Each structure stands twice: as C-alpha cells, then as structure tokens.
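Down below are the structures I want you to see.
In the two complexes below, chain A is the common chain; its partner is chain B in one and chain C in the other.
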Partner chain A sequence: MAFLRKSLHICLALGLASLLLSGCWNRRELDDLAIQLGTSIDKIGNQYRVAVQVVIPGEVSVRTSSSGISPVTLYHATAPTVFEAFRKLTETSSRKIYSAHIRVLVLGESLAKEGIGEVLDMFSRNPEARTDFYLMVARNTTAMQVLKTITSLEKIPAENLFYALDTSAKTWAPTTTVSIEKLIEQLVTEGLSPVLTGVKVVGNAERGEELTNIQEIDPAARTRFVGLAVFRKDKLVGWLNEEQSRGYNYIMNNVKSSAGHLKCPKGGLITLETIRNTTHIKADIKGGKPVITVKLKNVSSVSDVECRIDLTKPETIKRLEKAAEERFVELMSSAVKHVKETYGFDIFGFGHQLFQAHPRAWEQRKDKWDEQFEQLEVKYEVDVQIHKIGTTRDSFLNYIKE
Partner chain B sequence: MQAEQRVSVRQMKVLLIFFIVGDLMWYLPSYTAGVADQDAWMAALLGVGLGIGVSSFIYWFGSRFPGMTIIDIHRHVLGKFAGGILSLLFLIHLMSNGSAQIRVIGDFMTTQMMTETPLRVVLFLFAAVVLISVRMGLTVIARTGQVFFMMFMLLFTILILLLIPESEPSKILPIASHSAADIIRGGLFVVAFPYCQMTVFLMLFPLLEEERLSLKQYMIPLIIGGAVIIIVVTLSILVLGAYMTQHQLYSTYTMAKKISIGNFLQRLEAILVINYLLSTYFKCVITLYAFCRGLTQLFGLRDYRVLTLPIFLFIFGYSYVISTNVVFFNSLGPAWALWEMSNVIFLLGFVYVVHLLKGLIKGKPLHSS
Partner chain C sequence: MSLSGKRLSKRLEANVDEIKQRLGSSDDLIVKSMTGLQGWHGVLVYIDGLTDSTIIHHSILDFLMSENQASARNSVMSGSDTLHYIKETVLAAGEVTIIEDYDKLFLNLLSGVAILLLEDCEECLAIAAEGWKDRNVSEPTSQGVVRGPMEAFTENIRTNTALIRRKIKDPQLWLVGRSIGSVTQTNVAVMYLNEIAEKSLVDEVFRRLDKINIDGILESGYIEEFIQESSYSPFPTVYNTERPDTIAAGLLEGKVAILVDGTPFALLVPALFVQFFQSAEDYYQRADVSTLLRLLRYVSFLITMLAPSVYIAITTFHQEMLPTGLLINLAAQREGVPFPAFVEALLMEVTFEILREAGVRMPKTVGQAVSIVGTLVIGQAAVDAGIVSAVMVIIVSITAISSFVIPAVNISISVRMIRFGLMGLAASFGLFGILMGVILLVLHLNTLKSFGVPYMQSLAPFVWEDQKDTLFRFSWKNMRTRPLATGVRNLVRQKKATDLTK
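Take a look at the complex of A and B:
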C-alpha cells in the first residue's frame, strides 16, 4: 500500500513537472513571424487598402552581405475594415504579420479627407501593437507609394521615415511628431483640432520603387516631409506651408532646436540657431472677452553671418535680439491669422487653455468657439536671448580687402 | 489545529496594506476618473479620508466584541437562526469578492498579455494558487506577505519614480471644475472598494498573537494603503490624462507602458504587472481564507482544510460564470460598490444597533432594581 501511494505521488509530481516544459500557450517563433515596420492605409471606394512593409531578416543583418534583393517587401490587401485587411494579408504573405514593431503609419490623403477616426481605433484597441509609432499623411500621392520608395542610409524605408521625422522634429521647426495616443487625445479634447505632418514622394516616384534608386548617389526619388495637415474633427481640410508650420510649432511648444534667418540692416542675411525654446499659452478673461497670451522664451546663438554686421558691439546683439523677437511675433501671428481666415477653427488649443484656466467661462463659450476663435485677441510676449556667437568674433566678411 | 494559525501584529500590518492596495490598481483610476475626470485625485483624497473613517468603524465594531469573529458576533447578537442568515450573506459576499478578484486577473491576462489563451486556463491556475495558499494557513500566508512586501514596495517606488518624467502637470487642470456631487460620487468608489471590503478582517482579528491590535497600529497600514491609492490615481491623471484613464480598460498597465527613460529603460510593463498581480493575489487569499474559516464556523466543522478542494472547484467555476463578458463585468462596478457599502451598514451597523437595544432591554430591569 505504501509503495502504491509512493508511486502515485511520483507519477503526480512528474505529471506536474511536465506542465513546466510546455512553454507559452501561444508562443510564436521568430521565423514564423513577418515583422511589420511600416503600414499605410488608403481608402479605395468603400474599402480600406492596407499595405504593410515587412522586413526580410536576411537582407538587413549586418553579417551576411546583401544578395541584391530588396531589404523589405510589401503586402497589401483591401477589405471593408482595417483589421480584416490585416488578416487578409495572409492571402499573399507566408507568415502572420506581427505588428508590435510598427514604426510609422502613413495615411492616404483621400482617406484623411474622408476621416481618419475609424482607422485609428484598431491601433489603440489591439494589445499587440505598441503606441510609439508616428503618424503622417501622404500628400499628393497614395500612402502605399510612400512605403514603396527605397532608401539607402536606412535600409528599411519605414525606419527611414521614422528617424527622418524624429531627427527633423528635433532640429527643424516646421516638422513635428504625432503618436497615436497624442492624436486620439487631441481628437477628443475640446477646443483643439489636431495636425499631422505631411509626407510626399519627390522625384520620379516610379523609379523610386526599383532597387536601382539607391545605386545612385542622388536617388531618383525620396520621401520628404512637407508642411502640416490641418484636421477639422478627424477630416483633413488643408495644409500649412513651411512658414505657417513653423509658427504653429513655436506656439505649440513643439520646437526643440531650429534655425531661422533675419535681415541685416545693410542687406544680406544672418542666421540664428535656436538652442532652447519654451512657449506657454495663457488664457485670461478681460472685459468679458477671452484674451490669449503666447509667451515665448527663446535662447539662440548666431551661427551664420552672411552680411556686414559688427558683432563686436553689445548693441548689435541687442538689436539682433529685438529683430528676432519681431520675427517670432510675425511668424506666430501670421500662422494664427492664416488659420483664422482660411479655416476658422482652433488648431492651437487656445480653447483648451481657456478651459484649463477658466472652466466656467469655457462652458459658456464652447458651443460657439469657432466664431469666438475668429475674433480672438492673441497677444505675444517674446523674449529672445542671444548668449553665444560661435567661435569667431567679427565676421571676416567685414575685412575682405577691396 | 486551527488555534495554531496565528499572526503577529507586524504581519497583520503587512496583510492590511496588501489588502488595501489589492485589486484597486486594475479599476479604481477608471472608476474615479469616470465621474470626476481630472478631479479624480480629489475624489481619491476624499475617498481615502472617508474610507479611513469607515474602516475605523469596522475596527471599533470588532473591538466591542473581543475574541469574536463576525460569525460569532452575529450568532451572539441575533441568535442562531437570524444571525446565521446574516453570516450567510456575509459569506456569499466574501465568495463573490474572491471570485471577482480571480476574474479580474483572468480578464487582464487574456486581454493584454496572452490574448489567445482561454480564460478558463488562467482562472484555473490562479484559483489553484490561491486555494493552495489558503490551505497552507494564515501563518504561511502572513510570512509570504512579509517576504514579498519589500519587493512590492520597491517595485511600486520604481513605478512612481519612472513615471514622474512622463507626467504633465497641465493635465490636472482645471482644478475643481466638477461639482461636489461628482467628486463625492468618485470618492464613494474609493470608500467602497478597499475600505468597506475590510469587513473581511473581522474574521482575522481574533487570530492575532498579541491580545489585540491597537488603533494606532491599525491606522498606519490604512494610511500607507490610502497614500498608494491617492498616488496611483493622481499619477494616472498626470500621465495619461482624464480621457485615457477613463477609456483604457487597464489604465495602470497603459501607464506603465509609458515608461521610457532615455529610450533605453522602457517596456517595463510586464515586470510592473507582477506588482499588481501580487497585491491582488494577497487580497484574494485573505478573502477566501476568511470565507473558508467563516464557512467552517457557521456550520460547526472541525477543520476548514477539508473544504479547500470543493471550494477551489466552486470558485473556479463561479469566477468563470460570474460574467459573460468583460463589458458586463465592468458595468457591475457601481452596483458592487453599493453592495460593499450596504454590507457595512447592515452586517455591522444594524447588528450593533440590535446589540445596544438588547443591552438596554436587559439593562433596564437591572437599573430599576
């Protein structure tokens, strides 16, 4: 009896141990997955065309030399809903698409005009996908075309788009990054309309699809970020040009570093580099009317002198600071003016600022905020400080012999 | 055998903290932000204040009847039959709480981490772990609590520290834009969820090694647990904003996903989830331990251990059928909160009033003579 009991215990222990050997319930091996890096969604009639850029692991690994085939491949499928289209991709793909490493989501311009809200839900609902990818709108082209353009420095075009936008947003004022969480938050926030960066294919788009594109030093086709797409609710209504985008990003405190030129008194241009920039928006009620004050604090340095100007005198720096302040006011006010006149709704979140500062005043005004926004008084308080002028004192331009 | 299962005051404190933090991480930020938006932190503050009051009442009620569990108290005050019915209500409440806590874990795992795993597998494994712990007895549970307590606090501190850079102070604005009614409604969730549930401890207080827990010793874990609640709700608002806190099924998980220190220290959510699982596990173990002990006492059995296997099977099944889907389960929240509050009012308040009246009726002839 004791023997029977003992052997029963051993069997039980072994049986339990076998549970440990099985591993994950729904494990997926790396070679069963197609790693999706870029995604594009276009609207074709009533259906969504989803294209997915999938990396070919052998082609991007460092050790093995490239065998001359494309480092990525593109699968696309068309279906009535986005998630269906994703699953339908397996009609052409040999592996299940694994979406956790998605870097960019490119939305087609026609889709953006009809409304992007419906396609976004899947990305925030799906537990697999991470939310740190960037969104952009394809301008004058389909979203799929953007993903088809081969790039050279980053072997994977989706990575190229991601890092290009990331770097550009950090060092160049007219571009900005928008993640899906930020976009959804902007879509649900009252008194704020979202914007997205636009991307277009410049050059010969058809040649850009071929591998020969990157055999040239100056590729026949590249992707390029151009301006910001303005959304009304979730529908694309227009674009901001470079100057307006710059103004928008300064107001929204999106600028980390940038460069901008000023006119010298005696002709020619001088370039200031923005080192640090912070913008605060303050909303007040004055005389029963909302007044917005945009407070910009900017630290710049002189980085390029292309005119005759005496940089040895402290007054010159004072004058430059003053000119830069005027330039910032002009940038921001022209962006606000353009948006007021052309679109007539609030993309700067002034309404949201009013809500945060004076919730009761906002309650009274929120239903007719569009009209209020057109009449809104916006004040600018700009403080530019120039601390450094680089490594040289006065420009040699002043001393070039006659 | 049961008499051996005793805990020290120190261990009781640890269990109290685990119980208060418990499963609140899963749903409390969403519930409070659901009614009070960005003022949820005020609701949490108010709720913790009121909640400490309510749980002091629970403590005070227990100390009126030294050495008695709530089952004993009901029998003592109301007699075998009426007291038994109240005790049965109390036990049904414990059982439902335990099952719901297991279900919360099951729903979370199958939603966020292992989407293709059947819910029943997760429920079975978690219920098994919980009931094995219950079978081991309170001494073992309390010592386990002590072992894990440092890790729990460490992970929680890491969570807070790493989330501070992600928080945006402007998300809390405008302050106090909601009416007092909304803030109180949000606060009542906090009162109901960890604090009203503390009636469970009326089963455990008589098991203390020392004579009894002083009010001061009881207050410290309440305040620490309350601080955790306030910090989690406030962080959730600061990091995610009111909209995301309301609309994410598991906002604390989404919040942990946001951690990114220099694009290097990130994707820690799976590690931090251990923390949420740990506190839920302890809450569940305490609840079901009290359930087993209560059942044994009510029916006059000798040892609760014989019950653990049937109770395990029952809890596993109940946690599966308690709700047909995740939407229904989440919609239970407000009703469940009312249930918790009415438990305190009827099972404790009503019983104490009856006890007082009995004393008056019995006392009167004594005084007159």
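Take a look at the complex of A and C:
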C-alpha cells in the first residue's frame, strides 16, 4: 500500500512537472508550416517591406503532377520594423511563416544605401533559422522583383538564386557567397568593409512574373549576378565591375576555380582554367610605412587554345605562366587602384591584416586608416604554375591545311 | 493428489482395484491378468499409448508366458520370491525396478512404465517400456541459419540431451535431473561442463529451480519466469534456443543449460545483452562477414527502437534539422493528411502489429489472403486515401523489417514495446524526450543482472578481452579465452596459438 501511495505521489509530481515543462512546447506539424525559402527586404519611405517566397510543397514534389499553378507564392507586408512586417504577413498567409529554411536574403538597393545593419539583427537573433543562406543586393530593381521572377530548372526561384550563386562562386571568379555570419563578422571587423554580390533581373521583368516565362526555351526574364556591391560599414556606396570583382575575389582568396584568357604572342587568345588558388595577404612595416604583400599561388591548366602556339615546348609554358602572372597582378592592382580612387576605404581587409601582424602600428593608424589606405603600397607576388594542358598536346589548329 | 506414501497391499485384487479407482477406470489403462505355470498369479498394468507395444509383447509377455521353459523349479515360492525370480531370471527387458508404494507406482505408470503386480506380494515390478510417437529431429524454425547444423531440439528431453551429448563427448558434461510441477511432474535436466561452469552458478541454478512450487510446467517459459532476476524488465535475462549447437557453445563458455521435457526450447544462463544479437551462424561464417552482419544487427536494433520516434521528433519539432529539399518533399506528402504525425505513426505501427500477430496465429492456408490485404491496406490504400503519408509507410516498413533482423525473438518483442513509449516521448518533447527515454533505458539495462552477471557485461563493465566476441567477432585463432563473465574458472580455450607457418 505504501509502495502504491509512493508511486502515486511520484506520478503526480511528474505530471505537474510536465505542465511546467510544456512552457517550451513548440510542436508544429509539417502541414501547418509555410516554408519560406526566399526573403526580400526593401525600404519604402520609413517602413520596411518584407516579401517572403513560400513554397507550395505539392507543386514541387515529384509525386504529384504539377497542376499548372506557381510552385511558390509571395506574401508581402510593410511595417516600421522587420519583425513586425514578418508577423504582419499572417494577414495574408494562412499558415505561420516558417523561416528556418531561408536560402537567400535579397536586400533592396535603396535599403542597402541607407544601411543594412538594423535588418540583419533580426536574422542573427532568430533561434530557429539556419545560417547557411546567402545574402545579395538587388541592383537596379527592387528586391521583391528579384523574388518574383519565375525560374525553370530549379522550380523554386529562391533555390535557383542560391544554387546559381553557389555554383558561380565556385567556378567563376567575379561572384562571391556571403552568409550572414560572414557578413556580420566583416561588419564588426576593423579595417575591413564587406561586399555582397549584386543581382538584377534581365529582360522583361513583368513577363518574368508569369508562369509562361518558363514555358519558353529562352525565358523573357532571368535573374543574373552582376558585380560586387561595395559597402562602407553597412551602407552601400558603389559597385565593382566584373574585372574589379574578379580582382577583389583573387585578393580575398575567394576563388576556387575560374577561367581567364591571355593574349597569344601571334594574336588570338588562350584560356587558362584555375584549378587551385590560394592567396595570402601579408602586412609589414617598412620605413615607418605599412606595406601589404599579396601572395598568390595559382595552379592552372590550359583549357582552350584559340591561337597558333606550340604547347609542346616547355618555354611556351614558361612564357604562358609569366603572362598569367602579369595578368593576375594587373587584375588585382586595377581592383585596388579603383577602390582607392573611387571609394577611398579598405574593402580588402589590409587594415585587418596589419592589425593582426602589427597591432601597435595599427593602433596608431586606425583612426586615419582611410587616408593611409589611399597611400598604401601594395606589392604582388604571383606564382602561376601550369600543370596540365588537357588531353591533347599541340593544338590541331597548327596543322590545319592551308 | 498425494497418496501420502500408501504402500501396496498383499492382495492382488485390492491393488488392481486401487489403481483402477485412482485413475477413474480410464479407458487407456490396460490390465492384463495372467497365471504362470508355476502357479503364480499376476497382473500387468500399463497405459496404452505411453508404452511401446513391441516391448510389451516381445520383451515382457513372451517371457512371462513361457517362464516354465526357462526354469524347472517346482517348489512353491512366496509372492516376493517369485517377483525377484521373475525380475532376475525371466524378464529380458533392460530396466526393471522394484516398487513398494503407490506414489512411485503412479509416477512410473504414467511415464509409460509397465507395472507387474503379483498375488501375495507387497512389491511390484516396474518394467521400462516407454515408447510413444515422437516428432523427428527437424530443422529449427525460429533460428534458422544458412550455414550450420540443421537440427533442432524436439519435445522429447532424452532426444534433446542426446543431441547435446553428441556434440560434447566429454565425461565432464554432467546432467542432473529434476522433476518439477506437483501435478505434471515434468522432467527438467540441468546440463553443464563440470570443470568449466562455476560451482556457484550451478548451485544458484539448482537453488532457484528447487524453489519453484507450481502444479504444472508445460514449457521452459514457466521456468524462465521463475528463475529470472527482474520480472519487471522488458528485457529477457534468460536466453532460450532450439539449437543444440547454441547450447553446446554456451556450455563450452561455462554457461548452464536447462532443458525441459515437452518443449524444444532450452534455456541458457546467464544471458548477456549482447548474446541476443549473436546468431549461431556468426561462428560458422568467416569472421569479417560475421562482424559486419553483427554490426548490422545492432544498427537494425536502433532502427527498430528509434526510427518512428526520431521521425516524429524531427518532423514536428526540429524541422530545421532537415535538408531543405527533404523538408519540402516531406511537407508535400504531409499535405492533406488529417492526423498529427504521432497519431499517424501510431496508427500505422498498431496496424502492422495487428498484421504481424495475425500472421503468426492464423492458419497457414489463409496467410496469403491476409498478407495481400495487409500490403494493400497499409501499403497502398492508406496512402491513396490520404490517411497516412507515404514516408510513414516507409518508416513503418523499415522498422518492421529491422525488427526481424534481430536473431532472438524475445528481445525483438521488447524493443517493439519500448518503441511505443519512445514515440510518445518524441511526440511530447521531441528529441529531448527521446534522449531522456534512451538515457533511462541505458540506466535500466545497467541495473539488470542475469544470475549475478551484469547484463551489459563486456560493454558495461567494459571488458577489453571480451571485445573479441561482443560487437565484433574475431577469427577463431584469436579467440583463445572464454568470456570473463562465465569462463574464469577455466579461462584458456587454446593453450597454444595456431600457427600454420611453423
């Protein structure tokens, strides 16, 4: 009897405890969620306009055949703060917006110009969100418009943006992927200003919103990544063109693989493919002045010969390597020169490197770093090695009968 | 029932009447009276069906009837003398004993022994004549192997002990009998290798067996429940098998086998947790193959226990853990399903348990019909009707299939039970709940003991030497010692390493 009573008490205590524990009750069935994959934020006057791209699972799934409606739907709301706008979305949405699986965050150009810091706080504070999404800036268009463009290969436009940027950053130098953690880290680091890849809608933007957009082989509208947006702290101040973006990414060691051409001695072009690339930035003080050395090590292969050149000779390869080295120096120095002249502040993190190598020297200079940066001496040490020339040796172009 | 040691009477008629009366004049009681040429008068009593008619006719009756030819004695003998005379001179049957009281008489009579009663004699002869229809030794049905002996125990305890003796031809293999059950008087045999099994273990087995006080033992499951340490655990702490080779292997490791008459399932103690994941075949296949299969079984064990609950937890609490593509896919399948994931899972799991139970119990001829209905109902129709999602069918199926991988049926049932508890925890607290449940389970497993040996022995407490045969199965060349749990008395199995190069 005593045993029974005791176990009864224990059960009662456990039952009561479970009432308290249920405070963090957070059970949601999958079909109660509106899974948000893309988010855009624009600034309209003093208010934020948040648009979320929510997937319609049944339309994306392989099992159910498509019924001809859009695979995603867009909800948007305008409110003084971002979080309010998010909650306001439920005015139009039947389900709670589930934000964990966000793939891309597109920031409007106008918002970027006024500062993105306030917006980012909510995303870094959200406990349920995954942080593996990419940020980008809409160029010459609103961020919402970017999310409105229907894409074909990836049914979900947000996924399309995500994978397009991911693939492009891996195989093509002028774009770069920035996650929220990286961006915030860059924002709070001294002597470094962040950049984001720009995205714009090319073609007929209005037709891009219709489902018919993807019924054509060549859709009327597409999204395309264009250049890097340069931020001064959290405010957009300008854009780098393709060449400068390429130079930036080489300096920042962002390049995994890319391709670039060189001029052949006898006219025509030859393309080298970057297979491996590593860049180190070294900061020194020489003669009381900071000197930055950018050391780039590049392993390339010849992938496209569009000129008459004899690749069987080692000297040719040596010459190509030399030419490539010069080309890299040109790329990087023109990017640095452009930034120095146009913006006059450090987006490459040279200041940060100086801080790490010579903290005291940085301490003296950090208040006037912008001026110092404009005068900064940057040296380039480039080492290019061409390891492979593909599956053929000499180009058949050399043997075409006259 | 007890006859309180009542002794036989001198009068033959009174004895026969007593027997008839006690047995309610059962029809299968055969009473054959006879008169010898020498003037003695006797009655042969036996139970039809329990005795071998060949023995009755050729070894008993033939000799009794022609007893005068064998001897030319004329003197009139007393009843008792005649009895001894018949026992020693006349009968050709092998096992003949003298009985004086009814207790023994009935025990023998009902075991298939023929009883010869004589006029004017207070004793009777029990002549071994047992013989009844037995099932042949056949293939094991619950613990099949691809490679290995294809024989299983039968219902006859003598056959079973013989099957073990055929594998271990050593005088150290001792067999001690007990008869348990005040009404059934079931024969129970305890077998062990005297020089290997620990004395204390053997004593403990007998102590527990002798404490059993029940009217009937019909299967070894009765014994198992009486001798196990913790009755309130879902986990079995006594191993049962129908394979003689498994028992022999256990004996060689220093364990004790308990065989029960009337069932092909023998018990082996002490039983360790890991033992339930070992198949006899592990030791017949190559070591690497066996190790892989054994690891596969542990994985299956975890799947059986955790798959539905982890699915519930992740899809209702931790959606952010899923890759985006998978999440959308799952969400598409959940679209339109009217139940919460937990109810959905419960529905499917219970349906499957019903199907499985039906499959075991129903007549074999309707099996196909039920399996078709089962497959259609849980496989196709439920998904098409939008009652459950397709992925739930996959989860239930993988859970079910995994549960069949575990070689021991009894632990697989335990896991099936625990699974439901974990599903409840997952539905209320998510992964946190599952973790709590698993922690409790591990704690519980570590408190269990089987005949004094920690249930998780060789994992907790961790025994380095025993890792050769726990999760892995090392090559026989490397398994030179017995497991520490039972084999300390005589640890070494291979005195010299086998080296073919020398």
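Following the convention adopted for this analysis, the second predicted complex is superposed on the first by the 378 of 402 C-alpha atoms of A that agree within 3 Å, B and C clash if a C-alpha of one lies under 4 Å from a C-alpha of the other, contacts with A are read in each partner's own complex, and residues count from 1 in each chain.
Heads up, the rule we're going with is that a contact is a pair of C-beta atoms (placed from the backbone, for glycine too) under 8 Å apart; a residue touches a chain by one contact, two chains touch by 3 or more.
The structure displayed is predicted, hence computed values, not measured ones.
> Mind checking the superposed model to see whether chain B and chain C fit together on chain A or clash?
Here the two partners, once superposed via chain A, fit next to each other without clashing.
> Kindly classify A:Leu30 by the partners it touches after superposition: chain B alone (first), chain C alone (second), both, or neither?
So A:Leu30 only meets chain C here.
> Once both structures are overlaid, what angle do chain B and chain C make about chain A, taking C-alpha centres and a multiple of 10 degrees?
50
> Considering only the touch criterion stated at the top, classify A:Val188 as touching first (chain B), second (chain C), both, or neither.
The first partner, chain B, only.
> Going by the contact rule set out at the top, does A:Ala357 touch chain B (first), chain C (second), both, or neither?
Only chain B; A:Ala357 stays clear of chain C.
> After superposing on the shared chain, does chain C or chain B touch more chain A residues?
Counting contacted residues of chain A, the larger count belongs to C.
> State whether A:Glu321 touches chain B only (first), chain C only (second), both chains, or neither.
neither
> Per the contact definition in the header, classify A:Thr131: touching chain B only (first), chain C only (second), both, or neither.
In the superposition, A:Thr131 contacts chain B only.
> In the superposed arrangement, which partner chain does A:Val55 touch: chain B (first), chain C (second), both, or neither?
second
> Figure out whether A:Ala100 sits in contact with chain B (first) or chain C (second), or with both, or with neither.
second
> Could you grab the smallest C-alpha gap between chain B and chain C in the overlay, to the nearest Å?
Minimum over all C-alpha pairs of chain B and chain C: 6 Å.
> Per the definitions at the top, what is the overlap between the chain A residues touching chain B and those touching chain C?
26, 128, 130
> Which chain A residues qualify as touching chain B in the complex?
So the residues of chain A in touch with chain B come to 24-26, 127-128, 130-132, 181, 184-185, 188-189, 355-360.
> What residues of chain A sit close enough to touch chain C in their complex?
18, 21, 26-31, 33, 35, 37, 55, 57-58, 60-64, 98, 100-101, 103, 128-130, 156, 159
> State the interface residues of chain B toward chain A in the complex, per the touch definition above.
Per the touch definition, chain B meets chain A at residues 111-117, 121, 170, 173-174, 177, 241, 243-244, 257, 260.
> Where on chain C does chain A make contact in their complex?
Residue list for chain C touching chain A: 315-317, 319-320, 324, 327-337, 340-341, 390, 427-430.
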